[in-house]
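A short write-up of the structure that comes next.
Here the chain labels run A, B, C and D in written order, and each chain numbers its own residues starting at 1.
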Amino acid sequence: MTGNIIGERLILVSFGESHGKCIGAVVEGVPAGLSLAEDDVQRELDLRRPGQSLIVSQRRETDQVEILSGVFQNYTTGAPIAMIVRNEDKDSSAYKDISHQPRPGHADLVARQKYGGFNDWRGGGRFSGRITVSFVMGGAIAKKLLHECLGVQVMAYSSEIGGVSASSVAIEDVIKKRYSNEVRCPDSEAAKDMIQKIRMAKQEGDSLGGVVECIALNVPTGLGEPVFSSLDSDLARIILSIPAVKGVEFGSGFRAAKLKGSENNDQYAFSKGMIMPTSNNAGGILGGLSNGQPLRLRVGFKPASSIAKKQRTVDLDTNEEVELVVAGRHDPTVVPRAVPVVESVVAFTLADHAIRAGLIPPVLKR
Amino acid sequence: MTGNIIGERLILVSFGESHGKCIGAVVEGVPAGLSLAEDDVQRELDLRRPGQSLIVSQRRETDQVEILSGVFQNYTTGAPIAMIVRNEDKDSSAYKDISHQPRPGHADLVARQKYGGFNDWRGGGRFSGRITVSFVMGGAIAKKLLHECLGVQVMAYSSEIGGVSASSVAIEDVIKKRYSNEVRCPDSEAAKDMIQKIRMAKQEGDSLGGVVECIALNVPTGLGEPVFSSLDSDLARIILSIPAVKGVEFGSGFRAAKLKGSENNDQYAFSKGMIMPTSNNAGGILGGLSNGQPLRLRVGFKPASSIAKKQRTVDLDTNEEVELVVAGRHDPTVVPRAVPVVESVVAFTLADHAIRAGLIPPVLKR
Amino acid sequence: MTGNIIGERLILVSFGESHGKCIGAVVEGVPAGLSLAEDDVQRELDLRRPGQSLIVSQRRETDQVEILSGVFQNYTTGAPIAMIVRNEDKDSSAYKDISHQPRPGHADLVARQKYGGFNDWRGGGRFSGRITVSFVMGGAIAKKLLHECLGVQVMAYSSEIGGVSASSVAIEDVIKKRYSNEVRCPDSEAAKDMIQKIRMAKQEGDSLGGVVECIALNVPTGLGEPVFSSLDSDLARIILSIPAVKGVEFGSGFRAAKLKGSENNDQYAFSKGMIMPTSNNAGGILGGLSNGQPLRLRVGFKPASSIAKKQRTVDLDTNEEVELVVAGRHDPTVVPRAVPVVESVVAFTLADHAIRAGLIPPVLKR
Amino acid sequence: MTGNIIGERLILVSFGESHGKCIGAVVEGVPAGLSLAEDDVQRELDLRRPGQSLIVSQRRETDQVEILSGVFQNYTTGAPIAMIVRNEDKDSSAYKDISHQPRPGHADLVARQKYGGFNDWRGGGRFSGRITVSFVMGGAIAKKLLHECLGVQVMAYSSEIGGVSASSVAIEDVIKKRYSNEVRCPDSEAAKDMIQKIRMAKQEGDSLGGVVECIALNVPTGLGEPVFSSLDSDLARIILSIPAVKGVEFGSGFRAAKLKGSENNDQYAFSKGMIMPTSNNAGGILGGLSNGQPLRLRVGFKPASSIAKKQRTVDLDTNEEVELVVAGRHDPTVVPRAVPVVESVVAFTLADHAIRAGLIPPVLKR
C-alpha cells in the first residue's frame, strides 16, 4: 500500500488517477537554490503529451503543470515541491464495461481483486500509463539538477519497435536526432520502417512492443550504494515501475550470458593519462557503482494491451465468457511516448544517488 | 552508504566481507512462532557452498551458520534474527596485487575510487559473490515462511550456460530435478553439454555466463504495491543486487518487444469455474501485481570476471599498463551456484510482500 | 531535507507554505473501502481554523479542503489521497522586515542560514504553525479509520494555559466538554481563568504557553514495535514536529522521576475476570507497547514567539542591533488551536501502528 | 515488527536478548576512513557495564565487544560495522516465574500478548535495559565521528535522582566531573545525597527514578530536517526508545508552558561581531533546527520496575492474584547507568543529521 513513494534523498511521491481530477507529484529533497519555473517542467511534459500525432493516442490533454509549493522568487527553497496537472479530456464512457469485463493484459481484474472493487477503474485508474505524468514531473527537476550541477545528460530513444531495430547509433546522433521524428529514433531509416509498422498495426487494431535504450553521459564515478541500492538495482526498480515494461538490461545485458569472460571483461588501458576501459560491456556500472563510462541500459516494452481486435475475456457479472473490443483512444505502441519517461526515471535515480554521494549539495551556489 | 538493508516489512541487513571474519545477516520482521533451527538455514547454505565439485571454486568453506538471536525454544520470537558464518579458508595471498592492479570486470578500481582506498579489497571485500551467503540466510527464512503459511514454492534452475540452453522444462521436472546435477539444470541432456562447455572454459582459463530461470508456484493474487513497489520493481531491484547480474525479464520479457498485443495479451477464460488466463506471457504479474499465475522470471549473468587468461590492466602504483593473470580459486561460471541465490532473493521479496498484504500474520498459529 | 514525510504503513506527506499557494498533504496507505468525503476532513480543519474568536489570530481563512485523488464513489480506493487548502488571506506585508530582522523565538535566522536565504520567509514559510493544516488533514482520515475499525477515540484538551491548570477531569467530561469553550478546556472554571489570562497577555502584547493533554480510549493491546518504533517513540517524534512544542511526557511522566518503584508500578489485579492494572502511571504504554489502558500523554507548548512587545534583534543587512515589534495577526496563545492538532498526530500514529499490527486490513469490509 | 532499525543516513540495527547469546548492533552508513578499534567501543561500553559498584546491578558482565565487519587495517571501510557482546552471566533461574507471573511495570504481560507467548521472556528478553548495549555501540562510533569531524562534544549527567536535584552546573564541571562519582552527577554535594537515597531505597527493596540532562557543544547550525525529522523530533524518538524513559523536554521545556513570550524568547544581540542569543531557552533548537547554541535536553526516567518489595500481580496459569517479589540482580536506580546511554543516542542522532546535512563526508580525509 505504500508503493507510491520512491527515492532516498530525492524522493518522488506520485498521486492521481487516469480519469480523476489530476495527476500530481511531490518532489522532496530538492536542494535550495535551483532556478525553477513551470516552463522547465512543461517542456518535459510536452514530450510525453498525447494527441500529438496520428500514431499516438488521440486523447487531448494540454497537460498544463501548476507548481503548488517549494518555489519562491523563481528558486527552489528546499521545501517539498508539489505539482499537479488537471485531467481535462477524460472520457470515461468508453470504459463503462471494464469494471466487469477485465481487459486482457491490463490490471483490471487483479486490481479489482486486490482492492475489493473499491479501485477507481476508469481508464485503468492508478494503473494507467497516464500516471507517468508524475514521473516526468520528477524527472524534469532531476534533469535540471544533474545538468546544472554535474553536466550529466540523460538521453533515451526508441531502438526497436515492432521488430524493426535501429542500427548502432553514434552518441552525437542520439543527442541531436532523438526527438527529430515521431518515433523518437535517431536512425531515420529505421524510423520510417517503424512508422510503417505502427500504421499497419493500427489498421489491424493491434499494437506493437519495442525497446527503449537509454544513455547517460558524464555520470560521476562511484554513484550507487552496495549492495541493495546499487545503481543498477535502483534503476531496475524504478524502470520496472513504468507500465508495460517487462525487462531491463545493462551494458551487454542478456548478450553477456553467451560471452566468455575474456570477451566480456572491459580491460583497462591508459588514454591521455587517464585510466580508460577499452570497451563498455559493463554499461557504465561495475559492482553496482558507476564507473565513469557512459551508462547504457535497455528497456523492453510489451505491446500496448489495449487493442481494437476482438479478444476473449470473462464477464464478472454474468460469469460468462465474452468477446471484447477495447474502445478508448489508445496508442498503437507506447514506445515513443515512453522515451521521455525512461529519461525521467533514470535521471531521477541518478540525481538521488548524486545527492546521496554528496555530489549535489543541500544549497546550490547562487 | 545505506545500501546494505532491503525490504519493507521483512527486512534483510547484510554485513561482512569476503576475507573478513564472517558474513552475516540480520532478518527483521519475521513473525513470531515460526519453527526455526540452524539446520533450516544450513540446508540452503549448503546449496551455494563452494568447493563441492570440480566445476566450481575450490575455496573450502564449511559455511556453518550460527543463529545469534531471535529464536527461543526452537521458535522465532518476533525479534530480529542475527546469523553469521565465519570465514575459514580465506587465502588473501592470491589477492595481494589487486589493491593496485584492478581486475577487469571487477569493482576493484571503482571501489577504491569511491572509498578513497579504505575499502577491504581482499577477495573483493564487500563486492565479492561471497556476500550472497547473507542473501541465502534471509532466503532460507523467507522460504520457510512462504511454504508453511501459504504453500508457495520458489524454484530456480540454470536455463542457459555458455550458450547451451535447456529446452522447455515441465514444472514437475523443475521441482524434482533442478538440483539433480552439478549445473542445476533439469534438462539432463543440456546439463551434459553445459558441463562440457564449463570444462573447456576452465581449461582455457576462461569463464562462462548464463541465465537462471525462476518459477514460483501458488503465489497469492494481489502481491505488489503500485507503483514503485510493484512486485516486478522490487524483484528487479533485489535481483540486480546479486553480483554479476546484467539483466532481468518477466514472462515474455524482451521477447514481448517483438510481439503484437493480440499475441502477447493473456486472454481470459473460465476453467472449472475459475477465471484462467489462456497463456502466461505476463509471467504472473499484471500492473505490478501478482495475478495468481506462476511467477516466471529470467536473470542474465555475465561470465565470471576472474579468469586465468592474461588481461590488460593498469598498475595504480606505477601508472603503467600491465598484464594480469587473476589468481585465486574462482568459478568458471557462477550460474549453478547462483541458482539458490536467485531462489533466496525471490522468496525474500515474495515473503515481504505477503506480510505487507497481511497474508502472513505477525504471530503464527501454534 | 527529507523530513516532510512520516509514517511507515500510513504515511503523511506534508507540503506548502504559510503564504504560498496552499497547504497540502498526501496520505498514502489508507485502506480501500473507507467512506470519505471532503466534509469529513473539513470538520476537523474547522476546529483549528484561525479567525474564530477574539483570543486567536485574526487571519481569515476559510480553509476549504479539496480532495484531489484517492477517493472514488465516496470511498477510498487504496491509492494515495492528495488534499489541498488554498491560502487566501495571506497578507505578507507585515512580514516585510523579517527577511533581514529575524524574530526572536522563530526559525527566521536559522532557516536563512540553513537554506542560504532561498527559503520562503513570508509568514515563516514552511516553519509556520499554518503547516499543521496538513497534520489535521492526515489526522481526519486516521481518526475515521480508528473509529470505524477499532472504536478508538482520541481526545485532547488544554490542561494548562498561562499557569492556570485544569483540575483533574473525568473522561466523560473530556468527551463532552473539550470543545465547549474557546480554550478547549473541559474544566469550565479553569477555562474562565485561562481566557482572562489570555486577554491580559493580549493587552500587554505578550503571549502564553501551556499544556495540552491527550487521551486515547479503546487502544488495542500491543501497538508499537520495539525498540525504536515503540509507540511512545513514534508519538514523541510526531508530537515534537508540531511547532512550539518543547516537551512530551507519558503517564506519570517527569513526575515519575520523583516516585519510588513501589509507588509508580501499576500492579495487576483481576476485575470481572480481566487482568486490570490498579493504576495507570504507565499512561497506557509498557515497554513501548500499548497495554490496553487509556493512552495518556501531555505536551508542553512554549508561549507563541510572535509578540507585539518590543524585543531586541539584529538587522542582517545593516549588522546593527535593532528593536522589533512583530506585526502580523498572531495568537496570544497557540494552545487552544493546538488541541485538534495534537489529536490529529496522535491519531495518525495510532492508525499507522494499527495497520502495522494487522488490526486494520488493506481492504475494509463493505 | 520493524522497530529495531533507526536512522536515515547513519543507521543502527539492534539485535539480541538479555539472556540470549549476545547483544549486537550493525552500524550502517559510517563514512570510510574513520580510525576505529574495539577499544574505542569498549571504553563507552565500560561506562554502562553492570557490576561496578554497590548501587548498581550485581550482574557480572565483562561486555567485551567484538567487531565482526566493516573495519580494515584499523579504519572503517564504508561497509556496515557489525559488533557483538556475548552474554556471560545470564542467570535465568531468577526469572522462572515471570513467564506466567508478569512483573508490574515491566513489559512481561504485554509482550506475551503481542507475541502469542513466543517472545523470549528470560530477563525481559528484548525488553530488557540490557539491549542498550547496542545503543552504546552505535553511540561510540557516532561520538568519534562527531568529535573528529566537527569537534562536537555530547555530555550527559544525572541531574536528579530520588527527588534530589543537582544545582545548576557550569559546563566546565559537566565536562570534568560527570563521571567522577558513582551517580554521574557533577554536583558532588547532590551526588552524596543521591547515593544516600539510593542506599536507602536498596535497603527497602525499592527503586528510584530521576532525570538525566544532556548537553551538546559545538553542534553546527542547521541540523534537522523540517518538519517530521526536525532535530527535536528525531532526538525525542530515539530517547523514548530507551527503556524506563517517560518524558523528554528541550531547553526551557515544560517550564516554558508557564512563561510569557517576552520571557521565553531568546532575543538576539551581537557579541564580538557574531549574532548571539541573549539566553538559551530554546535549548539550541529553533524551528526544529540546531541554532548553534548548546543543545540542552532533559530525560525523565521512572524508577526501575524490578523491586524486591512485595507487589500484587496475577498468575496467568492459575488465574489467581498472587504476591510477587522480583528476584534477579537489579539496579535500585537506572539513572547513573543511563547517562552513557543518553549520550550515545543523542550522539547517534546528531551524527546522522550531520551526515544528512553533508557536514560529514562519505570518505574522511586521511
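By our rule, a contact is a pair of C-beta atoms (placed from the backbone, for glycine too) under 8 Å apart; a residue touches a chain by one contact, two chains touch by 3 or more.
None of these values were measured; they are calculated from a predicted model.
The chain pair with the larger count of C-beta pairs in contact, out of B-C and C-D, is C-D.
Centroid distances from chain A, each centroid being the mean of CA atoms, peak for D.
Rounded to whole angstrom units, the spacing between the C-alpha centres of chain A and chain C is 39.
The mean-CA centres of chain B and chain C are about 46 angstrom from one another, to the nearest whole unit. Centre-to-centre separation between chain C and chain D, using Cα means, comes to 27 Å. In chain D, the residues touching two or more other chains are 1-2, 4-5, 8, 14, 79, 114, 126, 226, 362. Note for the complex: chain D touches chain C at residues 1-6, 8, 12, 14, 102, 104-107, 109-111, 113-114, 126-127, 131, 160, 162-163, 201, 204, 206-211, 221-222, 224-230, 232-241, 243, 245-254, 256-270, 275, 277-278, 281-283, 286-292, 300-307, 309, 311-314, 319, 321, 356. Residue ranges of chain C in contact with chain B, taken from their complex: 79, 226, 357-358, 361-362. The touching residues of chain A, when paired with chain C in their complex, are 1-2, 4-5, 8-9, 11, 13-17, 20-22, 24, 26, 28-33, 68-70, 72, 75-82, 84, 114-116, 118-120, 122, 125-126, 362-364, 366.
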